[in-house]
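Heads up, the next two complexes both have subunit A, just with different partners, subunit B and then subunit C.
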Partner chain A sequence: MILKLAYLNLFRNKRRAISTGLAICIGFVGLNLLGAYIYRVKKALDTTSVYSALHGHVKVFKQDSLVQFALKPKKYIFQKEELDQMDQIFSEFSSEIEYIGKNINGSGLLSNGKMSHPILFYSFEPEIYAKSLTQPDISNWAKDWVLPKQIENVDIFKNNNEVMSVTPRIADIMSLTYPLNENESLQLAGRSLDGDLNAVNLELGAEHTTGLQFLEDTLVLVPLKKVQELLGTEGAESISIYLKPEASLAKFKKKLDEKLSSLAFKTESYNYYDEKINAVYLGTIGFLVVMGAFFVFLIGTAVSLTILNSLTMGIIERTREIGTLYAVGFKKKEVAKLFILENLILCVLSIAVGVLLSFVFASLVNSLNIRFTPPSVTGKIQFRLVWNFAIAASVAAFTLILTLISSFVVMKNKSKIKLIDLLNDSGA
Partner chain B sequence: MKNVFLIGLLICIKAFSADADLATELLKTSDRGRGGLEEGLEWTANIETTENGDTASREFLIKAKKHDAFVEALKPAKNKGEVYLFNDRQMWFYKPSLKKPVSISARQKLTGQAANGDIASTHYARDYNATLEKTEEIGGVKYYVLFLKAKAKNLTYDQIRYWISDKTKLATKVEFLTLQGKVFKIGTLQYNNVLSVGGKNIAFVSQLTIMDAKFNQNKSVITYTKPKVVEHSNAIFNINNVTR
Partner chain C sequence: MENVVEIKNVFKSYQLGSTEVHALRGLSLKIKKGEFAALIGASGSGKTTLLNLVGCLDDADRGEILIENVSVKDLSENQKSELRNQKIGFIFQSFNLIPVLNIYENVEIPLTIRTEMSPEDRKTKVLNALKDVGLEEYVHHRPDQLSGGQRQRVAIARALVTEPSLILADEPTANLDSKTAHHIIDLMLELNKKRHMTFFFCTHDEKLMSRVQRIVKISDGVIES
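Presenting the complex of A and B:
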C-alpha cells in the first residue's frame, strides 16, 4: 500500500517531480557516458599494449634486465638453452596460453647510405606479428592505432625476413620515397653483444604507426632474425605470452612465477599494464580515473543537492499531511519510508529514461564519426562511446544509493518535529 | 686618462692573443706526434679493453693522409674486413656484407672507452679552439694545460683539457669533458715510437690509455706499432671505392 501511495504522490506536484527526475536523469546519463568513454579508452589501451605493441598479456625478462640489458646485453639476454628450458615450462600452460613470441629491443642507427638516423628497434617473430595484428580485438578496439596498410600487409614479414617497417615520420626524415619499395635497402647499425659495431641490410616495404608522437620519429620494427644477426645471438631479450580469452591473468601469472622460480637463472614477469614496461598505459588510465572521479564528485553532488532540496521543499509543503498521517496511526518510520520510496521510484524512472537516452546519445555520437587528436597521440582517433551494461548498472546502483542516502538524511532531520507542531503548521 | 685606459686594454688584448697563439702553436706541434701530419702515414693499433671484468682485444690497420683515414679491422677474425673511413669530419662504417656504407659518428663507442674518433690521426689544432688555462710543473717538467673547445658539433669530444710538455711539445695527459664540463674519461699518452718524416725523426705516440673517470678499472689501452710514412692514393679514402 505504501508503495502505491508513494507512486501516486509523485503526480501531486508534477513540476517538482519532473525537475528532480530530470536532474537525476542528466546526472545518470553524464556518468554513464563518461564511463562509456573511459571503458573505450581502457579497452583500446589493453588491445594496443597486448597486440599492437606486442607485449603479450605477460612479458618475461631475466631478473634486472629492464635496467641492465642496455648496458650488459650479453649477461641479460636469454640464451637459446634457457629459452628451451622456459618453453618446457610454458608447455605446461597450454590450456591458458594461446601463443608465445620472442623479442629483442634496442637502439641503433638506421642508414640509407647517405645519412643515419638514431632509432629504437623493436623485433618480433613474423608469425607472431601477423597473429597479433589479426586479432579481432584490434579491429574492435584499436583500429585507429594501426595503419590500414599494416593489416593489408600483415604477412609481409613472413614472406620476406629482410623487410623492416618504418613510420611515416621516419620515412620523411630519411627522405624515403613512396611507395616504400622492397628493392631499396637500408642498413641497421648497432652494437653486438660483444660490444662491436655491426650492421645488417634490411629492405623497405612495410609501414607502421606507434600511435604515440614521442615514438613516431624513433621506433622501427625489424624481424627478430635480423636483430639476432645484428647482435650475434640466437637468444631473446624477452618473451611475450598471449593468453586465451578465458584465462585469468592474475592466476596464470602467479602459477607461472612459481614455475619460473625453479629455473637455474632468475626471471621476472610483468603484466602488460605494469608501469615498468608500459608507462603510457598507467599514465593514461591514471589521468582518466582522476578526471572520472572529479566528474563523479561534481555530478553526484549536484544530484544529491537536487534531491535534498526537492525533498525538503516537499516536506515543508506537506507538513500538515505528515501530521495527519501521524494522527491516523502512521508511525514515523512508515512516513519516512513513504517519502524515501517516492524518491526511489522517481530515481528508478529517471534511470530507465537515462539508460535509453545514454544509449541513443552514444549511438548518435558514434554514427557521427567525430575524430580528434588526443594529447601525444599520432593522427586522429574516433570519439567513441561504448555503451556497456555493466557500467550502466554500476552508475544506476550509485545513483540509487545517492538518492537513498539523500532522502534518508532529510527524513531523519524532519522526523524530529513534534506532531502538534506539524498539525499547526500553515504549510508556508 | 682615456689614453691610459686604451693602452691598458690593448695590452690585455695582446696578452690574450699571445696566449691563444701559443696554445694553437702547441696544439699543432703536439698533433704531429699523434698523426696530424700532411704526409701519408700508416700504423697498426691494438686495443686492449677491460670493462666490467671482461677483456677484449682488437687490432686495426690505419692509413691516414691529411684529414682522411682508412681504418681496417684486422683482429678478431670475425671483424676482419670491416672498414671505418674518415672523410674529413664525416665518418663511415662498412663491411663486405653491407649493400651500402653506414654513416656513423666519431663520438660513438668503438670498443670499451675508445670512441671511433680516437683511433684515427688527431687534428686537434684544426678541430678545437685552444686557450692556455694554466701551466703546471710535474716531475720537474713544465706543462701547458690547454682547454680545447670543439669548433663543430660532430667532433669526438665537446671539450678537452690537454697537458702538453714544454720540453717535448707533446701531450701526455688528457681529460675528456662533457658539454657541462664534467670529466668523463681520462687519457695518458706515451711516445716511444719514432717516425722518420722528411729525413727528420719525430716522436710518435706508442700508447694511449683511456680510463673511465669514475670507474678506472674500465679502460682501453691503444698500442700503436709500426708507424711509417707511406704515400697513399686519394682513391682509398673515397667511400664509393670502399663499397665497390
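Presenting the complex of A and C:
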C-alpha cells in the first residue's frame, strides 16, 4: 500500500515530477558519458603503457636503477647470470605471465652519413614488439596511438635484429625514407658500459609514434641485440612482464616481489602506471580524476538540490495529509519511508530513461567520428565514449544514494514539526 | 462503568505572538465506555485543544490523561502512534482523505501498518467498515467523485476500521448541509449502539445536541457542566 501510495503521489504534480525526473535523468546521462570518456582514456593509456611503450604490466629493475643507471650503467644493469636466475623465478608464474621482454634505454647519436641527430633509444626484442603490437587491446583501445604502418610492417621486425624504427618526425628531420636507398645507411653511436665510444649499423624497418609530442623528435626503437652490441653487454636494464588477461596484477606483483627478494641481488618492481616509470599516465589520469570529480560534484549538487526542492514542496503541499497519517497511527519512520520511496521510484524511472538516452547519445557521438588533438598528444584521436554496464551500474548506485541522502535530509528536518501543527496546516 | 478517558487537572497554554493563551485551566473529565458525548462551547473555549490532547495529537503542560487506564504522559512518540492506531479513531472536519487513493484504500490505510494482520482479515475489516457506513458499492471511487456526506462517511469508516475503543470527532458536521449532518449523526449513533464504540465529539450545531446522550460544556478552559 505504501509503495502504491508513493507511486500515485508522483502523479499529483506531474510538472514537478517530470522536471525533477528530468534533472535526475540529465545528471545520470552526464555522469554516464563522463564515465564513458574517462574509461575510454584510461583503457587507451593502459594499453599504450603496457604494449606500445613496452612497459609490460610489471617492470623489474635493479634497486635504485631508475636514478643510478644513467650514471653507473655497469653496476645497475642485470648481468646475463642474473637474468637467468630471474627467468627461473618467472617460470614459476607461467599461469599468470603471457610473455616477458628485456629492455635497455639510453641516449646516442643517429646518423645517416649526411646528418646526425641526438636521440633517446629504447630497445625492443623483435618477437616481443610484434606480439605487443598485435594484441587485441591495441586495436580495441589504442588504434589512434599506433601508426597504421607500424602494425602493417610488424612482420619486418620479426627475427630481424638489424631493423630499427624511427618516428615520422625524425624521418622528416633526417630526410629518411623507407626503405632506405641502397647507398644510405644508419648508424647509432653512443657510449658503451665501460664509457668507450661505440657505434652500430642499423636498417630502417618502419615508423612508429610515441603518441607524445615531446618525444616525437627524440625517441627511436632499436633491437635489443643492437643496443647490447653498442653497450658491450649481454644484460638488460629492465624486464617487462606481460600478464595474461585473467591474471590479477596486484596479487601477481606481491608474489613476484616476495620471490625476487630471495635473490642475492636487490630488485625493485613497478606497475605500468607507477609515476616513477610512467609520469604521463599518472598526470593524465590525475587530470581526468580531478575533472571528473569536479563534474560529479556539480552534477551531484544540482541533482541533490532539485530533489531537496521537490521533496520540500511535496511536503509543504501535503502537510495536513502527513498529519492525518500520523493521526491514524503511522510512525515517523513510516511516513519518511513513504516520501523516500516516492523519490526512489522517480529516481529509478529516471535512470531507466537515462540508460536509454546514454546509449543513444554515446552511439551518436561515436558514429560521428569526431576527431581532436588532446594536449601534448601527436595526431588526432577519436572522441569516443565507451559506455558499459559497470559504468551504468556505478552511476545508478551513486544517483540512488544521492536521492536517498537528499530525501533523508529533508525528512529528518521536517519530522521535527509537531503533529498538531501538521494537522492545522492549511496546505498553502 | 469503565472509563475510556480520564482527564485529571489538565492545563494547556499556547503562545500566540507575544500573548500566552491559556486554553485549558485545570480541566478534569471522565468519558465512560459506550458513551455518545458531545463537547460544546464557544469559539476559543478549548474544545479542539481538549480533543487534541485526548487524541494524543498534542501534549498537556500539566495534569494527566488516561486512555483505558494508560497514562499518555510518559509514552514515547512511537507508543503514542501505536495507541492512536489501536485505541483511537479520528473523524476530521475536513475529512482528511488521501485524494490519490480510492475509497477502499483510504479506509485500509490505518490497517496497512499492522504487520501482524493477514491481507484477508484486512479486506474483511475494510469491507465491513464500508458496509457499516453504506459505501460498499463505492470502493473504487476516489474521494473527489463523492459528495461531502459520502466523504465524511469514508472518514468514519476509516476511523472505525481499526475497531477503536474511542472515536474522536472535531466538528464532524461543520462542512455538511443540515440534512447530511443529521444522516452523519444518525450513522454515528447507530455505530455507537451497534458496535458499542465510545464517541466524543465537539460541535456547534444546536440541532444535533438534542440527539446526544451526554453534553459536556466547556467554558474558558474548564468544564462548566
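Convention: the second predicted complex is superposed on the first by the 418 of 428 C-alpha atoms of A that agree within 3 Å, B and C clash if a C-alpha of one lies under 4 Å from a C-alpha of the other, contacts with A are read in each partner's own complex, and residues count from 1 in each chain.
As a working rule, a residue touches a chain if its C-beta (ideal position, glycine included) is under 8 Å from a C-beta of that chain, and two chains touch if they have at least 3 such contacts.
In this text, all values refer to a predicted model and were calculated from it rather than measured experimentally.
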- [ ] Put subunit B and subunit C onto subunit A via the superposition and say whether they clash or fit.
- [x] fit
- [ ] Could you tell me if A:A199 is touching subunit B, subunit C, both of them or neither one (first, second, both, neither)?
- [x] first
Open item on the list: I'd like to know which partner A:T324 touches here: subunit B for first, subunit C for second, both or neither.
Closed with: second
Open item on the list: Let me test your reading of the model: by the given contact rule, A:I299 touches which partner, first (subunit B), second (subunit C), both or neither?
Closed with: neither
Task: Partner touching more residues of subunit A, whether subunit B or subunit C - done: C
Task: First, second, both or neither for A:E334, with subunit B first and subunit C second - done: second
TODO: Applying the touch criterion given at the start, work out whether A:S185 contacts subunit B, subunit C, both or neither, answering first, second, both or neither.
DONE: first
Open item on the list: Looking at A:L66, would you say it contacts subunit B, subunit C, both, or neither? Reply first, second, both or neither.
Closed with: neither
- [ ] Report for A:V146: first if it touches subunit B alone, second if subunit C alone, otherwise both or neither.
- [x] neither
TODO: Name the contact category of A:V377: first (subunit B only), second (subunit C only), both, or neither.
DONE: neither
Open item on the list: Quick check on the superposed model: minimum Cα to Cα separation from subunit B to subunit C, whole Å please.
Closed with: 82
TODO: Return the residues of subunit A at which the contacts from subunit B and from subunit C coincide.
DONE: none
Task: subunit C - residues contacting subunit A, complex - done: 52, 55, 57-58, 77-78, 81-82, 84-86, 90, 92, 94, 96, 98-101, 105, 108-110, 112-113, 158, 162
Task: Contact set on subunit A toward subunit C in their complex - done: 1-2, 4-5, 8-9, 11-12, 320-321, 323-332, 334, 418-420, 423
Task: Residue ranges of subunit B touching subunit A (in the complex, touch as defined) - done: 49, 51-52, 56, 58, 79, 82, 93, 95, 97-105, 108-112, 116
Task: Touching residues on subunit A, where the partner in the complex is subunit B - done: 72, 109, 111-116, 185, 187, 189, 191, 194-201
